[in-house]
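You will see two complexes here that share chain A, one where it goes with chain B and one where it goes with chain C.
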Partner chain A sequence: MENFEVIREDRKDISILRLKGFLDAHTAPQFEQAIQDLMGEKRFKIIVSMSSLNYISSAGLGVFMGFIEEIRENDGDIKLSNMSDKVFKVFDLLGFPALYQIYREETEAEAKYNQK
Partner chain B sequence: MKMKHQRYRLKIPSITENLHLIRDFIIKIAEKAGFDEQNREQIALAVDEACTNVIKHAHKYDSRRLIDILINLDPQKMQITITDKGTGFDISKVKDPDLQKYVRESRHGGLGIYLIKTLMDDVKYEFNPGIRNQVQLTKYIRA
Partner chain C sequence: MTKLFSSVKVLIALASILFLYSMLYDMFAYFSDVSIPPLEYLSEAAMLIFALLYYHILNLEYNLQNKSIQESLKLFVYLLGVLYFLVIVLHLVLNPSFSPGQFPQLPETFSSVLYSNLITLIAILLMTPLFLLIKNLIYYKRKKRTDFLLKSFLLSSLACAVATVITQAEPNLVFEEAGIYNNSILLLVLVCILFVSFYNSWITYLSRKEKVTYFLISIFVVWAIIYLFEFAFVAAVPAHSLAIGVFVNIVWYLMVIYAIFASFYLLLHLPTARVFDRKMSEVASMHDLSRAISTEFDFSKLVKLLTEMTTRVIGSDSTWLELRQKTENGLYIASSHNLSTDEIKNFPASEQQLLSSHILNIKRPLIINELPRNHPYAYVKEWKKDIGSIIGVPLISGNGKSLGILYATKKQPFGFDPDDQAMLEAYANQGIIALDNATLLKQSFERERLEEELRIARDVQQRLLPQTTPKNKYIDIEALTITAYEVGGDYYDFIKLPNNHIGFIIGDVSGKGTSAAFYMAEAKGIIQSLSRSFSNPKELLIRTNEILYESLERKTFISMLMASMDCKKRLLNFARAGHCPLLYYNSTDEQAHLLQPSGIGVGLERGQIFNKTLIEQEVRCNPGDIFVFYTDGLSEARNAKGEEFGDDRLCHIVAKNAHKSMTEMKQIIIDTILSFLDGQNLADDLTLLLVKSK
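Moving on to the complex of A and B:
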């Protein structure tokens, strides 16, 4: 049973990954692969949009942690958007808001990239 | 009708594919216990984290192994005991995470134990590698 999906959209130099379903230790490798694919293509300006993400465990949060340093070293970032309150709570419990920019809408994250 | 002591048990192959089933099982019982949605989801997340640890660290992704989940429900609390006979690691020695350090070191893990401790009211461990490792998670039912 497939209960997780990553849908990618490239807009100029920005890539949006829209997460759908349940992100746990079983599905995290799929998300990890999507990030690695972007890095392989030297696309470091990433927005992870989560309006259809129902669930996240620490395995999913680990993917954000594992690559952010290298992405920022390449003048990129992972900006987060469209989180439900439920998903935000998990990020918040672990202190992610101090290290990651979190936006209500994808467009706000996109505008932030375009400001530079 | 006053709820009496009830026991539920799930023995399930130790594979990440089953995490979804484990969470559904926990949510159903937490609902029966009268927990609201937020608490049901917190309990399910804590159990997911504990089972993920068993699959990764105790059983090292050996799908022939089983995770044993026992739930005791009484009018005061829901208590979940997760048992494995794998190598495991001593959870009591795990420090609280330093997110900035983890990010600097590009670490992918180390957050699960902290989440379990934060989400549950009481967490107890028993660590006997190869014999029996147990983690007991308790959430109290508040009227």
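Moving on to the complex of A and C:
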């Protein structure tokens, strides 16, 4: 089993989840749990930062899809940031840029939240 | 003849006749004062046969052999009482007197004659069952020797009776003159009796209560038996029949000696009775436990069974089973007996479980028989107030791992002894084996279930894939699928479209296992039916997305690439819904290009964004051009170093071997991938469609 970790940082009403390692079918539940925890605390403004993410599989992509509808219904969002080229390629292939806001840096995503 | 012997009524009639004859002869002898030896002998014989007939009738009507020890003893005492009662009544009513000083004593009054006859009758009727009841006791643990001894006893008794009748000597163990014969045989009989008196193993298995009660009763019974002969039979029976007199005398000897031995043995068993009882119940409960847990495979039921049975056997006030937590340190209560809900709720946290940690460390049982305030483990009394003494036995599985601890407590201190510890250890061992088995069984069922599921998924997948590749004069098609161990959701298909068009579809369901395979089946069905109405790839994909979005789970999506080729016009239209790019080798510039028009995966969005982003691209192809449809199982195939195979490598191979047939190209690609993997397993299914324009 590959290593995976979710590190959470809360900044006011925004929560940043930093993914580290390999996100696949085995480790996806950890990521799921992190998002569920945020939703349970009514924290719907989420940024997923992937600078330390080495790999993401379709199971990992599915995690986003599983929660995005409800999060957006609660006036929140999952914004994506800091993807490496390799990781971006995976998101891009599937068409995620048309569905999610993707930024180079966390700060840009934060700024977008604060704009409102 | 046998029928005659089995008719009880006939036998009773016969017996009565014999007895009557004997009685009448007695009366005749009394009144006439004459004795006629032949008739005398006939009377004796009659009595003997009477006794035998009675024995036979008794066997037919009452099966005394099947009576338990307790029942036999009860009946024995009862019959003894009846015997005394009848003798006393007859004594009072008939007031007999016999002439002393000679053997046999003669009746002095007519009522004495009556008395001696009736006493003899009663003696036969009651001493026979009394003898049979003692036989039950002797036969409790039957051996070959027992039969031999008893037969010897009966035969020598008969011989003694005959000798006494013939010699008219008194069987009083005085070896002079005529008395030498019958008394020697009597000695032999007594030796037999002595031997059989050791056969009292029925005493060992009585409960402690029974041993005490029977011992106390036996004191009176022994006395009653000893007095019996003097009181009832000594004069009266020989007066009527010498043979019966001898029998009665011998049976009396047996009763006295056996009763004395039994009484003595009962006394000897008293000190160990309590411990013996306990050992017996321990053995019984071990059997119970073995039986119960060998048929129980449910883990939660097993642990309950363990605590319940432990309480029953050891007589503890509370029992509970602590097992290791699966993922954290510390133990939890798996089952308990007589723990209050508060106590269960307030169970100490793992850092505070000092006693349990200690026991798991030393891997041996621990008895704490008193818990004064300064005891290192006195903290358990804070958790559970009524612990006077406590014993904990670790459960250590076959491979030396400690799985938990079985605890029992008593309210009073010094409540447990080494026996209790041994018992608890035995229970814990049994329990551990059963628990291990239950766990292994569950895992094995689980594994089997998973493997079965995988098999089904792979089966479904195989059926979904086309069995043949279409052949026509315009294009050369080859298909390749390599499945990973964990079934992925790869799928491809060929669709016959009107106007010499061929449709190519390749897709990849996210996720693995049976659900991926079933979604694939659904997608195939939808596409096949839609293709009858829509031949245009973009349109087909849009309709497919509409339908599939409703039935796919939120987390699931399918990447698809759909192409429609007009073979005659050499035109290929395709649309890419989130799938890997289409590899297009242009024979003109001898370059392999990756075509990636925009498009999001199927099932991600209801349709607005899907339709907007999906672009259909057209490629005009020339002879020698090659299209390669593939799934990400190929680009993501990893070798031992963690390197990905990648699109570029594929482009390179295709370009290099573009002039070859697709069959050859397929083989080259397989070989290259396999040598790249170098023994590593595929993470995901790998699918390739090779289409060459001829």
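Here, the second predicted complex is superposed on the first by the 114 of 116 C-alpha atoms of A that agree within 3 Å, B and C clash if a C-alpha of one lies under 4 Å from a C-alpha of the other, contacts with A are read in each partner's own complex, and residues count from 1 in each chain.
We take it that a contact is a pair of C-beta atoms (placed from the backbone, for glycine too) under 8 Å apart; a residue touches a chain by one contact, two chains touch by 3 or more.
Every value quoted in this text rests on a predicted model; they were computed, and no experiment measured them.
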Taking chain A as the common reference, can chain B and chain C both be placed on it without clashing, or not? Answer clash or fit. clash
Identify the partner contact of A:66: answer first if only chain B is touched, second if only chain C is, both if each is, neither if none is. both
Determine, under the contact definition given at the top, whether A:22 touches first (chain B), second (chain C), both, or neither. first
Which chain, chain B or chain C, is in touch with more residues of chain A? B
For A:99, is the partner it touches chain B (first), chain C (second), both, or none of the two (neither)? both
State whether A:3 touches chain B only (first), chain C only (second), both chains, or neither. first
Give one of first, second, both or neither to describe whether A:58 is in contact with chain B, with chain C, with both, or with none. both
Look at A:113 in the shared chain and tell me whether it touches chain B only, chain C only, both, or neither; answer first, second, both or neither. neither
Going by the overlay, flag which of 92-100, 290-298, 344-352 or 686-694 in chain C ends up clashing with chain B. 686-694
Which chain A residues lie in the overlap of the chain B contact set and the chain C contact set? 25, 58-59, 61-63, 65-66, 69, 93-96, 98-99
Which positions of chain A touch chain B when the two form their complex? 1, 3, 22, 24-26, 55, 57-59, 61-63, 65-70, 86, 90, 93-96, 98-99
Sort out for me which residues of chain B touch chain A in the complex. 16-17, 19-20, 23, 38, 41, 45, 48-49, 52, 55-56, 97, 99-100, 102-104, 106-112, 114-115, 118-119
Which residues of chain C touch chain A in their complex? 508, 510-512, 553-557, 559, 577-581, 596, 598-601, 604-605, 609, 612-613, 632
The residues of chain A that touch chain C in their complex are 25, 58-59, 61-63, 65-66, 69, 93-96, 98-99
